[in-house]
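A quick write-up on the structure given underneath.
Order of writing sets the chain letters: A, B, C, D and E. Residues in each chain are counted from 1.
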Amino acid sequence: MIETIVIPLLKIAVLLNAVLVSVTFMTLLERKVIAWAQSRLGPMRVGPYGVLQAIADPIKLILKEDITPVKADRMMFTLAPIISLVPALVVFAVVPFGGDELFYITDINVGLLFIISVTSIGVYGIILAGWASNSKYPLLASLRASAQLISYEIAVTMTLVSVILTAGTLSMVGIVQAQQDSGLWYGFVQPVAFVLVLIGGLAETNRAPFDMPEAEQELTGGFHTEYSGMRFALFFLAEYANMIVISAVVTVLFWGGWLRPFPSIDALAFLDLIPSWIWFFGKMFVFLYLFIWIRATLPRYRYDQLMRLGWKVLIPIAIGNIVVTGIAKVVL
Amino acid sequence: MAEALAFYTLSVLILGLAVAVITTPNTVHSVVFLVLNFLCVAVLYVFLQAEFLAVIQVLVYAGGIVVLYLFVVMLVNLGRSPEEHQDPRRLGLIGLGLSGAVLLELAGIIAYSYTREQSPPVTAAQASPVQGNIEELGWLLYTDYLIPFEVASVLLLVAMVGAIVLARRES
Amino acid sequence: MADEPKSGDKTRDPRSGGPQSALGEAAPEPAAAPKPKPKPKPKAPPEAPKGPADQPPADDQERPAYFGGFEKALPGAMEQVSYWVGDWTIIVPAAALLEVATYLKGSDDGSFDYCSDITATDWPPREKRFDVVYCLYSTRRRHRLRLKVKLGEGESIPSVTSVWPAANWLEREVWDMFGVNFSGHPDLRRILMPDDWQGHPQRKDYPLEGPGEFLLESPMEWLRLRNLPDEAEIE
Amino acid sequence: MATEASPIFDTDELVINMGPQHPSTHGVLRIVLKLDGERVIDADVVIGYIHRGIEKLSENRDWTQIILLTDRMDYVAAATNNLGYCETVEKLMEIEVPRRARYIRTVLAELQRIASHCLWLGTHAMDIGAMTVFLYAFRERELILDLFEDYCGARLTYNSMRIGGLPLDIPTGWDNKVRAFCDLMESKIPEYEELLTNNRIWLERTRGVGVISGEDAVGLGLCGPPLRGSGVYRDVRKDEPYAAYDEFEFDVPLGTNGDTYDRYLIRLEEFKQSIRIIRQGLDGMPEGPVMGKVPRLIKPKAGETYHAIESPKGELGYFIVSDGRATNPYRFRVRPPSFCNLQGLRPLIVGHLVADVVTLIGTIDVVLGEVDR
Amino acid sequence: MMEITPAHYTILSAALFSVGLIGVLVRRNIIIIFMAIELMLNAVNINLVAYANEVENLVGQVFVVFVIAVAAAEAAVGLGIILALFRNKETVNIDEMNVMRS
């Protein structure tokens, strides 16, 4: 009983809290990093160096008036942010944050596919938000979003197939163990796939330079134009939770999850003194930082260019990568 | 016990959502109910030890096909409900009756087949070693069912081309 | 707001007598010249200037080369020539404007392909109260020329949008501000003022305070509209 | 209107109001877009939301009072507006402006050009999604505002010129500050270029977007960088020199393709040319008074004139009529470059996507205060 | 009752199928009709998976994969046709879609 119910529930509770809290600090990190990139200071008022800004923001959002436009579809308008947040949180169930069983909730044999399929549900949140607002800019944004997310989902899934081929398993823990066995992070085995997943991940999470659905300068905020208060905050949470998911997936698939660098070289065994979860979070942080960095640097793609990139560049490369991986797998 | 509880809950959800799909006047709501229905079916698959299918159900059905429906519903932004126009030749009641008859017939068949003395169960011909094994499913797909598989892929290709041709605007 | 003119003036021009009239400030000098018809004044307000100086060029002023060709091609189109602080101005009749514009744009030694500006000036006492001014420039020859057309109230002037597409908005602004009608303009709407605005604010007889001509012309209608709730008409 | 759309797709037309409250319309511009999917099939540009009647207002103000009204037109380049107006009145009155004043005016105008282009660069890049350039450009603009503050005490609406010259001589040491700024600016331009010029996304977003041929640009009355971007050699500073421009050496950059990228490159090059002019102006600054001989009562003889200068946005012209009797102009007309450039927006955006509409509003660099006046 | 046999799944499947059938026969909105067809396909899938589980043979699951593939193809072409029809006739009412050419 304790083994099957209490411990998993405890883990879920801890993980959910950790994710939600880290999301609020992600916003602070993003504001700070972008500010430094732009030779500003960023938030400095709340607490020392503005660290309490991460708490002030959610409080503000909770206390704000939550407005539903008169002509909106009330049910869908409320449902949409929930739909976009829940899948983002559900996928954490299969992310292994460390080597020990303590650090993941479950390890299912279709783990990677589970992540892909559950995140694909998140698109409904954006589409329904745009539709339910009964407003033109959100509608445009949601049409953009649905096309963008489906296209990039294909590209990312295709790319992941080559990783699955290399690892020979769909389980997230299994993939890390496969990297341990082969002694190489798959980032070195599958560099093309790594780059494709990174680009696709940016597009899947609607981050710059692919933030078409919420392009403020074009669509005045996109699908969440009509949202305010807590419902807006849910979208916000979903976006950052998705960023964390993508970073975690990239870490697991390409950067050896909780493994230390060069797991096969015994001379570096002293690195194992650092606990596995620290390695994991360290790697994840690198990718989160990368996401923010890219946002501060790059202009935004145009919608048709984005689709062209997805269909005419990423998908063909992904297919080519599968073929090459398959041949290599057979030959070696 | 737990399985029964889960089954009945899911059954009620599946049927209830299905009824909601076909009765809701608002098409977008219909689509959302359909998605929820498919998610419940996916959970059912998990209970039937078909995890791969469950994931595929979510990925392809809920994440792909139904998004298409939603897309189309939003594109054909309806000014008026299609239900307003009634073709006098349409016999809705008879349709309802016919469906009821089909339900009765199906129920009859099931009842008949199970009240009869158990016919020898279909033998698990060459029982697969592991259940719900993706690897096994893959083997089956790529060996015994290779030709249907290829046919299916050609079908998808044709459908893709067809959809593009249909949706393309003449410029 | 502005008082109605007191003496028995029955001709419709309630605006000129207002204490804040532009005329009052613009022309401090008392009446010097007798004024014909357009503005019979009840209280003999200070006289308004009757028109621009349009100083003729000095005799020794060298004329631009393209003047010769212009006079030859369109005899009679050059009603008057003016030269002041380095700017050449040709005054042309409204009827000939389109021909003149086409010629000036096409001629090799003129080649005025760039329409810098179109504007107007209002001289109320004059019978042809409006001067419509076209500032032209040649990107090839690098010289300027101003065309001027004199126009009365209610007369229309051919639009030059077919010659210089740039004239589109500029003519719209002149219509908006002065009420000069451009015939053949593709899209003659108000541009700066709201679509439902009454009157043309840049005219010299436009009241400088209050809700404008509209109140003076139909006070009841103005009152009715003012009491209406605001209604946003947004597509 | 929807002649371009095939009849089969009529149902998808969407009329969308961009502005007057929209993050990228740079003020209160409103564009009514008719969309087919995301493609613009027709557009109507609606202006006039901050029409303050500056022309009418000026006809009832003193000749000197008008200077501070001109500040409020192109409020990101107030000094050039002052300059244009003062020069026009000086031309009308045939006043000789001292050479030192003309040099200072030129330096101020070029500083203003850099400031205006900084603002343009920042907002334009921001519209395309590059948010960092915005703050970099504003950082440098801030320094120019400081220089203006040193000179005349104001940071936005300067009222920094007078008919016949300047109200103030430059403060001591100001020229060295300007020199230091020029050096700094020169080192910062590569920073902008590094982020944008060779950026693949920037190239994709700007190349081939909003192409207009030189002939069309002249016909539509475009001026300033949009006109030069189409390869038309037209710069009032060269063609009809004013202030002290005839004494300085500088180049007029020209584009070849007439697209958004060319206009971007031209403005970046204008940064460098402006710095060049400022340096020449500071080095050759003559001694002498800064105010010419101006009658106590400014009252030009009856007559009219049109005078244009090259503002950062293009040809800024003033058409002023004096009736020779009043202490205010009889007719005061501004030829606003933004207004004429904005006229070219509709032909530019038709056929492009919504995202490009934002790019194209940015590339023609409008200031709505000037458009509406 | 407490033990779940394939019969339970079959009954669920039959009921779901009938609901889908009612949708197809009664509703006039062609998009709803398409969705009802998806419901019927799902009913079939439930049956296939249930029996595959019962007889411990994966062939049933293989068929489900094919059914999903066919459903995807059907959705793509069907929705394409709906869009084309809607453009021509501005309706999604199947009662009004009784003429091939418009």
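The rule is simple: a contact is a pair of C-beta atoms (placed from the backbone, for glycine too) under 8 Å apart; a residue touches a chain by one contact, two chains touch by 3 or more.
Fair warning: this is a prediction, and the values are worked out from it, not measured in the lab.
Peer 1: Which two chains have the most C-beta pairs in contact?
Peer 2: B-E
Peer 1: Compute the centre of every chain as the mean of its C-alpha atoms, then state which one is farthest from the centre of chain B.
Peer 2: C
Peer 1: Considering only mean CA positions as chain centres, point out the chain farthest from chain A.
Peer 2: C
Peer 1: I'd like to verify one number: the distance from the centre of chain B to the centre of chain C, where each centre is the average of its C-alpha atoms, in whole angstrom.
Peer 2: Whole-Å distance between the two chain centres: 73.
Peer 1: Centroid of chain B to centroid of chain D, CA atoms only: how many Å?
Peer 2: For chain B versus chain D, the centre distance works out to 62 Å.
Peer 1: Check each residue of chain C and list the ones that touch at least two other chains.
Peer 2: Not one residue of chain C touches more than one other chain, so the list is empty.
Peer 1: Residues touching two or more other chains, restricted to chain D: which are they?
Peer 2: Residues 8-9, 11, 17 of chain D each touch two or more of the other chains.
Peer 1: Quick check: what residues of chain E touch more than one other chain, meaning two or more?
Peer 2: Answer for chain E, listing residues that touch two or more other chains: 86.
Peer 1: Could you list, by residue number, the parts of chain A that touch chain B in their complex?
Peer 2: Residues 73, 75-76, 79, 108-110, 113-114, 116-118, 120-121, 123-124, 127-128, 131-132, 139, 142-143, 146-147, 150, 153, 157, 170 of chain A touch chain B in their complex.
Peer 1: Quick check: in the complex, which residue numbers of chain E touch chain B?
Peer 2: It is residues 1-4, 7-12, 14-23, 25-32, 34-36, 38-39, 42, 45-46, 49-59, 61-62, 64-66, 68-77, 79-84, 86, 91-93, 95-96 of chain E that touch chain B.
Peer 1: Where on chain C is chain D touching in the complex?
Peer 2: Touch residues, chain C against chain D: 22, 25-29, 49, 52-53, 55, 84-87, 89, 113-117, 119, 121-122, 133, 135, 139, 142, 144, 146, 164-170, 173, 177, 190-194, 201-202, 206, 208, 234-235.
Peer 1: Using the touch definition up top, name the residues of chain B that touch chain A in the complex.
Peer 2: 26, 28-29, 32, 35, 39, 51-52, 55-56, 58-59, 62-64, 67, 70-71, 74-75, 134
Peer 1: If you look only at chain D, which of its residues touch chain C in the complex?
Peer 2: Result: residues 15, 17, 32, 47-48, 51, 53, 55-56, 59-60, 91-92, 94, 218-221, 232-234, 239-240, 301-306, 308, 315, 317, 319, 321, 323-326, 328, 330-331, 333, 335, 339-340, 342-343, 372-373 of chain D touch chain C.
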